[in-house]
Amino acid sequence: MDTIIKVAGISKKFVLHQQRDVTLNVLRKISFEVRAGECLVLAGRSGAGKSTLLRMLYGNYLTEIGSIQIRHDRRWLELVGASPRQIMTVRRHTLGYVSQFLRVIPRVPTLEVVMEPALLRGFSASSAKTRAETLLTRLNIPERLWSLAPGTFSGGEQQRVNIARGFMVNWPALLLDEPTASLDETNRRVVLELIEEAKSAGSALIGIFHDREARAEVASRLLNMESEEASHV
Amino acid sequence: MTNMTTETRFAQSGRESMENTAAEGYNFAYLDEQTKRMIRRGLLKAVAIPGFQVPFGGREMPLPYGWGTGGMQVTAAILAPEDILKVIDQGADDTTNAVSIRAFFERTARVATTTRSGEATIIQTRHRIPETPLKRDQMMVFQVPIPEPLRFIEPSETETATLHALGDYGVMHVKLYEDIVAHGHIATCYAYPVEVNDRYMMDPSPIPRFDNPKLHMSPALMLFGAGREKRLYALPPYTRVVSIDFEDYPFEAQRQDGVCAICGSANTYLDELIVDDRGTRHYVCSDTDYCQEHAGQQGIRA
Amino acid sequence: MNPALNPTPLADETAASTLPLLRVNQLTRLFGHEKGCQDISFDLYPGEVLGLVGESGSGKSTLLSLLSGRTPPDRGSVQYRADHANWLDIYEAGEARRRQLLRTEWGFVEQNPRDGLRMSVSAGANIGERLMAQGARHYGQLRETAIHWLQQVEIDASRVDDPPRAFSGGMQQRLQIARNLVSKPRLVFMDEPTGGLDVSVQARILDLLRSLVRELDLAVILVTHDLAVARLLADRLLVMRRSRVVESGLTDQILDDPQHPYTQLLVSSVLQA
């Protein structure tokens, strides 16, 4: 299968200017590749920089050293140093991200929150709606909630809305930050199915799973991340 | 000398004035020659740019602002000894303002005066254009209280000057739109704004909108003077003057409800009179000269 | 939203969207030492929302007024792509052209609706003014259009003849948005559009702006000191401090991983953006 993401020698440090320029070295020289249809699971204890790495891949955290390349629009695109506009295009068409928390936008109904990634890609409203309804049904969000903004939902409901949104389109590459955390068994199974479906559809997945069973079930490979203690420079 | 051209008039009015001694101690037509020349230069510019407001160094006149000081300065500047002057206020020759201004020029310039529209070479007016059609070589002088048609919506003079310069007149239709919102039709009756020569928006002074069509392609030269705000503007003969409107609310001159109780005329601008305590209304022509003439033709004694 | 505003499908890379709409080069206007703005350069693309953030006095508003053709710069240029590939230097063009842009292809939403509305004329006339300035001369159609836009900004059609004086602050702000959008602008400048409003009212306006920006494919330059507003509306940010841009980038990257000491201070000073 084709390689979708190539990461070479990326490092990350945070310089806290408000705290006497304390420097935290979180990642050092990480390199890996992910192919279409496989799921790379990031392993390492808490503080090893797993979430940081996902955020760097998504462009949410700035990467200054190394290279992150992604297959975008049939070409390789270097994300380190890419313009905001290029990153936005990649996020719209190539790279999805399921974070742990839903960022709620006031007044936007659940169904529209879920449909949005498809609409941004130019799907018709009706096909987007059909897909969104299927996903919400599978994730056991009661239909009476679909027309409501998810701001008032429980934490678990918001997380499932977020997952539905994340799986709305077939991403060439998809980043998953603990998608099964704190879900009940029924919904956990649904998410694992969705991941399997994405793999079969040819997505390259990179995920963090604290849940060992889930990890064992979806992982094609593990990336062991050495823990870096925050060191003062 | 009714068929004197405008050019010769502008040249002569200065030259001859010395010979024709007016009231003791005063120059011909009250203003000194330099001032009249300055006003004539302003008028020439105004004629050259129809509808454009030309600033001028207005003088104090021996009566208060609001009584026609702007119009009087224009009249003084263009008046020649041969002229025959008519002065009207709301169409009438015999109201205080008209009588005073006529007397003023009789004393300071010793010019002939008339109440007959057809005989006058210069007609100074407040709020009307005579019913008798104007002719070439007649001149109308309008007294103007507020020369700026955009003033109602834009208080800044700098900004209105810019709007004129750029021909940016969207706000004029905002005013008409509001009229329709409030009254169901365009309710502006006086000082109805016009677009001059496809360029400048102009306030025609507070004439009734009934008179607006008389501005369009008029054979007479029309001069406007605002004394308080010190502005001159003009419509040269045969200038295109369009009253602004909407496609679905086209401009129309006011419809008259009655006929003149004196002369029986049905197509003139009428004043409403309440003649008793029960509110009985009569209508009479606002143009007294026209009314008399028309009544005479009908064999009615006015 | 209304079906009349069918979202244009965002085709992958259409020819038009690969060209910037606005090109800003070395833009500078100083009123004193580090007062104003200096050496500002960026490109803005169709449909892009750019946030200008920073504290009071950092030069955001000066920059906005330079960009929108209201204040000539000391040096530098603002170029606008008027049509397909025709670039217009807005300060080399005359004032007539600039004003024409500001009432047709551009919009400007003021922080205080009083500065952007005619308070004494009806809502309908406020919305219709741009169209009348462009030569619309049919009262019935102007009123229909005004009603349509009132509904777009969630104001009841029955208020079309009321003056904005009779509206709440939030409604006035929505009316101002409608008054700007009626001419189908491509670029809208916004100066703290939710600045003077209650939090509950803010949310409604932000949501409205967000959907209108998307449906109409508007490019927006937004001045705000509220980072939550910036996160919700802006695709990317310029962080200004003492007349200069100290950091720029994707909105979420700037807010979640700020690099410059000042940006870190700015982000850490708010509770939760």
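A, B and C are the chain letters, set down in written order, and residue numbers restart from 1 in every chain.
We take it that a contact is a pair of C-beta atoms (placed from the backbone, for glycine too) under 8 Å apart; a residue touches a chain by one contact, two chains touch by 3 or more.
Small disclaimer: the values here were computed from a predicted structure and weren't measured.
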item	value
Contact graph of the chains (line, ring, star, complete, other)	line
Longest centre-to-centre distance from chain C, chain (CA-based)	B
Chain whose Cα centroid lies nearest the overall Cα centroid	C
Rounded Å distance between chain A and chain C, as computed from the means of their C-alpha atoms	32
Rounded Å distance, chain B centre to chain C centre (Cα mean)	47
Whole-Å separation of chain centres (CA-atom averages), chain A against chain B	78
Shared interface positions of chain A, touching two or more other chains	none
Where chain C touches two or more other chains, by residue	none
Touching residues on chain A, where the partner in the complex is chain C	14-18, 55, 59-62, 73, 84-85, 87-89, 92-93, 105-108, 119-122
Residue numbers on chain C that touch chain B, as the complex places them	95-96, 99, 103, 118, 121-122, 124-125, 128-130, 132-134, 137-140, 142, 161
Chain A partner contacts - residues on chain C that touch it in the complex	7, 9-13, 45, 48, 203-204, 206-207, 210, 232, 235-236, 248-250, 252-253, 256-257, 259-261, 264-265, 268
Complex contacts: residues of chain B adjacent to chain C	153, 162, 165-166, 168-171, 173-174, 177-178, 180-181, 245-249
